[in-house]
């Protein structure tokens, strides 16, 4: 499997505090990579470096490279608009815009200049179908998205992300605010999406990582302790700290 | 320490498993003694005690399934629990086989039966030793010992073949002994099976350490 | 230790009581009474003032006031010029203050990277809103009227009032922007929106009720202001001769006119103006409420 994103010797500081230490990690194309670890271990921070969502944090300093398809996203003159079209992000709290369902999904395409109504209709329908939401909302595309349930809102956010045809989807604890059934629906959806997209997901839920991820990385206090196939990491972790964490002996 | 109740349960599981191991070894030793000395009383006790082995198997199985259901063990914990789940089966089978041997002893009407067939004493000795060492390798997580024990099974198989040949000879010369000979074949077969179960225990011991069985990755 | 066991005793005795044994707490009763009393007091004052103005003003209401200007030659009395001046003042003040106030707030909230500068600006804004309006009048008169040569004119008044309501508008806008969940910003930026596109399509629609509330409160200030206008907008009550030219002429708003009529002892006309002002202010307040409900995109209909 090809590497889609390669992080090389990545270091990150918030002011004086070092939040990521020498991270080297490859994210494989068309697969799901999960980042696990206790709170504050840097997994979310790392995820956000992959589409430069950390740019807006005050006093942040990043060293090292993140290579997307051979191009360094931290090089000078990178257009973050194009970067984020390629590497989209879905957040912990479902965050649909206070607009209609249709406008939410059409938001991304409109940024990138698509105005034709028919084209937009098609993109909206396809994205909603890909996010396994279309059947539930097709009769109320023009009602406020905030009226949807939490699980539906999160799938809408995934649809909104898919609408710009990204290559990579980053998900930051996408199910932590959802009930178990909605969680399973999202997991099922991600398993289907990995045929077309490269997916990286931060999760607090180790069972979730073991259910859906092809690769898993374990982070601890800003370091990446272990990275490998999910089957290996959850059955025969190489590092004692990983084993202690996943078996619940500390965390 | 997080999950301390889970760890307590895991510990209890290990303690129970240990008890069952020693119970089975005791049964095996008593069974062989009964055979050696033609002690029908001892044989009866062994048969009665087999129920205890069966009960322990049920208890441990239930504990394992319960832990899987409620704790979703992974990594080392999962290997420990699945190993326990598999090993109790082998232990229980060993218990059954020794009980079956004891029933044969009670039926058998022959003096010095134990020494009648030349290779049976050696078979009994090797099989007992195999079980004892297999259990030890399991308890000590000793893969080297486990591997070594597995090798001894060839000798048991070889002896079993010898016993068969011997018994064929005996029936030819003394047709009146044919009943006893059939019983001996069965006893020899049981001993051979006991060796196989010891091998299984060794394999699960290896699995517990490596996640592999016969060089094939299981988890 | 003794104390501790005493506490436990208390807890235990509380557990032994039935949930039906309701205990009357004196302090609660007193506080409750005081709260109701103050509410009633505030309400009474509002009703008394409104009632008195209505009582004195409404019988004097005459349609003629609304279509005439006061003229000794034609022997007419009217407040139409003042109504028109007030409208001019509102529109002009907002035209100046809204772009600056809203724009500044957007800059401070979304672009400036925090720190001392933003603090300084916020502090200055607070100070500005605390200055007595007559001081604004003095400054407006000297700076816009004399120094910039705009003399007494609606424009001078509007510029002065614009400075005065600027804090109100920018503060409300800032609060409104602050209240937009960060997740909206992340979501928009996360799929490749530029900052300005995100502000235009997500932040502003979300913040519009708050911004409008600020604007309407500013309108209220403009309508109600007198001290800052006496020396800037002047006292003339004439109908405009040209639409745009009118802004450079002196013009008294309703409030100023009210002041003059009172000074002259014309209480009848003063109360008429008072009624008109009350109606305008109340309408603006209700409008503010309605708008913030109507345009709240976060409310699910």
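So that you can tell them apart, the chains are marked A, B and C in the order they are listed, and the count of residues begins at 1 in each.
By definition in this document, a contact is a pair of C-beta atoms (placed from the backbone, for glycine too) under 8 Å apart; a residue touches a chain by one contact, two chains touch by 3 or more.
Predicted, not measured: the structure shown is a model, and the values here were computed from it.
J.: So which chain ends up closest to the centre of the protein, judged by Cα positions averaged per chain?
T.: A
J.: Comparing centres built from CA atoms, which chain ends up most distant from chain C?
T.: Farthest by centroid: B.
J.: Please compute the C-alpha centroid of chain A, do the same for chain C, then give the distance between them in whole Å.
T.: Between these chains, centre-to-centre, one finds 45 Å.
J.: On a C-alpha centroid basis, what's the spacing between chain A and chain B, in Å?
T.: Computed value for the inter-centroid distance: 52 Å.
J.: With chain centres defined as C-alpha means, what is the inter-centre distance between chain B and chain C in Å?
T.: The mean C-alpha positions of chain B and chain C differ by 90 Å.
J.: Mind pulling up the chain B residues that touch chain A in the complex?
T.: Of all residues in chain B, those touching chain A are 1-3, 6-7, 72-79, 210-211, 219.
J.: Taking the complex as given, what residues does chain A use to touch chain C?
T.: 51, 53, 56, 58, 80-85, 88-91, 93, 95-99, 107-108, 111-112, 144, 146-147, 157, 160-161, 163-164, 166
J.: Considering the complex alone, what residue numbers of chain C touch chain A?
T.: Touch list, chain C to chain A: 113-114, 181, 183-184, 186-194, 197, 201-202, 205-206, 297-298, 300-301.
J.: What part of chain A is in contact with chain B in the complex they form?
T.: Against chain B, the touching part of chain A is residues 206-207, 210, 231, 234-237, 243, 246-251.
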